[in-house]
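In the two complexes that follow, chain A is the common piece, with chain B as its partner first and chain C second.
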Partner chain A sequence: MSERYRKVAYYPGCALEGTGHAYDRSTRAVGKKLGLDLVEVRNWNCCGAMEVKNIDPKLQTYLSSRVMSIAAQEMGMDTVMAPCNGCYHNLKKAEYDLANDAASRDVVDRLSQKAGHATYRAGSLTTIHALDWIKEALGEDGIRLRTTRPLAGLKVANYYGCMYTRPRHIFPEKDKGEGSESTAAPHFMDDILAAAGAEIVDYPLKTACCGGAHTLSDSDTSTKLVLNLLETAEECGADVIATECPTCHSGLEMHQVRAEKRFGRKTRVAMMYFTQLLGVALGIGPRRLGIHENISDALEVLRAKGLR
Partner chain B sequence: MIALADIERRIEAIRGADAGVPATEAAAELLRLGEAVLEHWVTARGEMPTKATREGFRLLALHHQGAKGEPSFNACRETCRELVYHHNLIAATTDAAALRRNLGLAARVALHLYFFVAGKLQEAALGEFCCSSRNGQNAAWQGDATMGNDP
Partner chain C sequence: MPIHEKSLIRPENLVTHENLEIDGVNVSGHWSTFIESRAVTDYNEAMEEEIGALPGGEFIHRCWQCGSCTNSCTVNAINPDFNPRYWIYLTRLGMESELLRDKDIIWQCVSCNKCTYACPRDVNPEGVMKALSHWLELKGHTPTSPSMHFDEEFAEQVFDTGRIEEGRIIRGFFARTGQPLLQDWLVEMGKRLLRHLPLKMLAVMGLGSVIRPRTRGWAGARAAIAQYVTERRAADRRALGLGGERK
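Now for the complex of A and B:
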């Protein structure tokens, strides 16, 4: 096991305390099982999400910078791990803006002084996603070694959503060739779950939009987008769609139900966070992974495959 | 310019194995339908749709044009690239079953592009999704905030 990322600051973000609670639960359970230390960022705040960013992007930069300031300056950490694509994206974007935009630095400095905490300095902290954390800390061989219940026979479509890799310029560590993540064709989740024994299906919509931003204002568009994702996964032969974003995950689950009510189209593919699937492979019980909290019937899929 | 609703109908027809033309022609038509979707977007923004190509495909040039000044439009960048990939894949496929499957998936990708762009066109001012809303199915967990650290 790599020493890098053995101990990281953990920024769950708002969604993992709400709709994505099972993601938080399974992430912590996997970390504990693997001996990886997650130190939750003290007194963290919202990253600015979509709501703040659309009104005042520099305020979003400040909100994300405060999280990074606490992790780096107050807690002395060098890495912060954010499992939520929205948080991950916003922290990376703040890092980029603070390194490249003097106006953003001025606003963040002013607001940090007003709030009474140290101003975050770009380059003090590395932001990673939960996929980077597992992939780097364990590697595929490490996962194979620790897998006690291989996900044999389970066909998985990996769904990354649109914020994990976009825009490219805020992810300078990606697209660096072999071993690095790709923004055009991400594969870390594929690598991790294949190492855990799952059969990965070729899924052409792995980075397509889930309609998360439309879900309240134009629910039918969201439902159509999700239904297309679900039916495509089924056409690819998938039993499960693995997710790594709480907004995508809850959107897929909610609109799966709505698609049946609104359009009379039922799909059976289940949704599971990749940490839940990895946890099953590591021998962690379904309840500790929060699988009972999923809306789609993931437990039944596991039962059918002899994984429960 | 072909109407949006007609684009959807035609993609669905191809998806439903009702293309009425060989798979390679249907794949080329899906590319053109994808271009037509993006033409709607570019035109709605008051621009003239480009006739240029990027990496040999007008679809990619149109996407590039449509994403200028609109970063969120990049959420369909890989969808466009997948459509090009499936077009090329179909051209290289000879097995009949594989052809049907690849054409079906290409139609799914085209449909996703259609839904995404049609949704963006419909919504002049996109609403927001508050991801901190509580898990409706499982409110009980709130009383046990340490569950994530259970042994």
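Now for the complex of A and C:
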């Protein structure tokens, strides 16, 4: 087990206190089981998500920078981990903009001073995703060693969505060859869940879009996009789609129901956060992982596979 | 998936005559269809500059029309009329009336960033789509889109308290757009959620809807953001040659 990431700042974000509650629970449960210390960012605020970026990109940069300023300057942490793709993406984007764009630096400096907190300085914090956290802290061998209930016979399609890999320039550590994550064909979740014993199916839509940005404002488009993801996963033989973003996860679950109600297209594949699947393999009980909070019947899938 | 480009000949510009004789030759009927001239006379020469002045549109001038954006586009795959390359082309030429033919779908960009990933010129086409949507609304060509209603509901909550609460967003959005909250699929989702009695989750979400989650000591940030938003809105309107405040 690597010492790096043994103790990191934890930025759950708004969704993990609402519809993504199970992601928060399972992330904390896995961290506890593995002896990885998560120190929640004190008095955090929303990263700005896609919506504030649409109103004004520099405001989103400011909101994300405040979170980073607390983690780095107030708490003295060197790494912040965000399980939500949206938060992770926005912190990365803020880091990039503050390092490369003088106009963004000016706005953030001005707003931070007026708001009365330290201005975040680019380079003082490393932002990682929950996938980086597990992959680096434990590694595949570490996971194999700690797996007490291998996910044998469970066919998993890994779904990464958009914000984890795009656009490329805000993820300078990716695409660096062996051991690094790929933006074109991400594989960290595949690696982690394969080490936990799952059978990974070849899923061609791992970075396709679920339409999360317009999940309510243009629901028919989102339902069409999600239905394509679900039906393709079933064609690939998957029992479960593993997710690593609360917006993707709830979008997939929401539009699975909507496709059934509005388009008469029923799919049976279940959605589970990768932390829930990993938690099962590590021997954590399903309720502590919040699997009963999922809208698709993930508990039933586990039961059918003899995993609970 | 092939790229279906728009036909350059529009159905309404195709003319057939029931009875027409030209220089003693009868050219009636479908065998001799005429195509009406479509010379463009109403260029908006400021259009590229206007889009370039709005957030997201800054790099539109870099485009060399390779079409990687449209080729990779998520929305184009389900609606061939959704064509970022073509809209960037029209904007750079100032063909405003042509762009307005697609004004009601431009806001449907899902921000998946596949275009921005594929673009060899760092145009940031996703940002250009947002700038175009803002431009259409600021100029009064389109009403506030459902997407903008959602963004405003969301952003106002963040600006106000530093955080959002999803239930409040959903209720606020449906109220703004005049839709009933009790959609059949939302009701069905609720039923399925209750199947395994997720008490802890219900408690957390219920508490959030009663006591709004908020960041402590947010007043300073709230004031700073409000001032910045006012400045930005005025700057956007100036860039588009518009007076006064947005309604």
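We adopt the following convention: the second predicted complex is superposed on the first by the 308 of 308 C-alpha atoms of A that agree within 3 Å, B and C clash if a C-alpha of one lies under 4 Å from a C-alpha of the other, contacts with A are read in each partner's own complex, and residues count from 1 in each chain.
Just so we're on the same page, contacts are C-beta pairs under 8 Å (C-beta built on N, C-alpha and C of every residue); 3 or more make two chains touch, one makes a residue touch a chain.
Since the model is a prediction, treat every value here as computed from it, not as a measurement.
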Fit-or-clash call for chain B and chain C when the two complexes are aligned on chain A: clash
First, second, both or neither for A:K32, with chain B first and chain C second: first
Which of chain B and chain C A:L299 touches, first, second, both or neither: second
Contacts of A:R66 with chain B and chain C, given as first, second, both or neither: second
Which of chain B and chain C A:L225 touches, first, second, both or neither: both
Touched partner set for A:R166, first chain B, second chain C, both or neither: both
Chain B versus chain C as contact partner of A:V41, first or second or both or neither: neither
Chain B versus chain C as contact partner of A:C209, first or second or both or neither: both
First, second, both or neither for A:R288, with chain B first and chain C second: first
Partner chain(s) touched by A:G18 [first = chain B, second = chain C, both, neither]: both
Chain B collision site on chain C, chosen from 38-46, 200-208 or 236-244, when both complexes are overlaid on chain A: 200-208
Chain B/chain C common contact set on chain A: 14-15, 17-19, 21, 25, 46, 49-51, 54, 162, 166-167, 208-209, 211-214, 216-218, 221-222, 224-225, 290, 292-293, 295
Chain A-touching residues of chain B, taken from the complex the two chains share: 71-72, 74-79, 81-82, 85-86, 101, 104-105, 108-109, 111-112, 115-116, 118-119, 122-123, 125-135, 137-138, 141, 147-150
Interface residues, chain C side, partner chain A - complex: 55-56, 74-75, 78, 108, 110-114, 116-117, 127, 130, 145-152, 154-155, 158, 162-167, 170, 173-174, 177, 184-185, 188-189, 192-193, 195-198, 200-201, 204-205, 208, 213, 215-218, 220-221, 223-225, 227-229, 232
Residues of chain A defined as touching chain C within the complex: 14-15, 17-19, 21-22, 25, 43-46, 48-52, 54-59, 62-63, 66, 107, 110-111, 114-117, 162-163, 165-168, 183, 208-209, 211-214, 216-218, 221-222, 224-225, 253-254, 257-258, 260-262, 290, 292-293, 295-297, 299
Of chain A, residues touching chain B in the complex: 14-15, 17-21, 24-25, 27-29, 32, 46, 49-51, 54, 84, 86, 162, 166-167, 184-185, 204-209, 211-218, 221-222, 224-225, 228-229, 231-232, 235-236, 246-247, 250-251, 288, 290, 292-293, 295
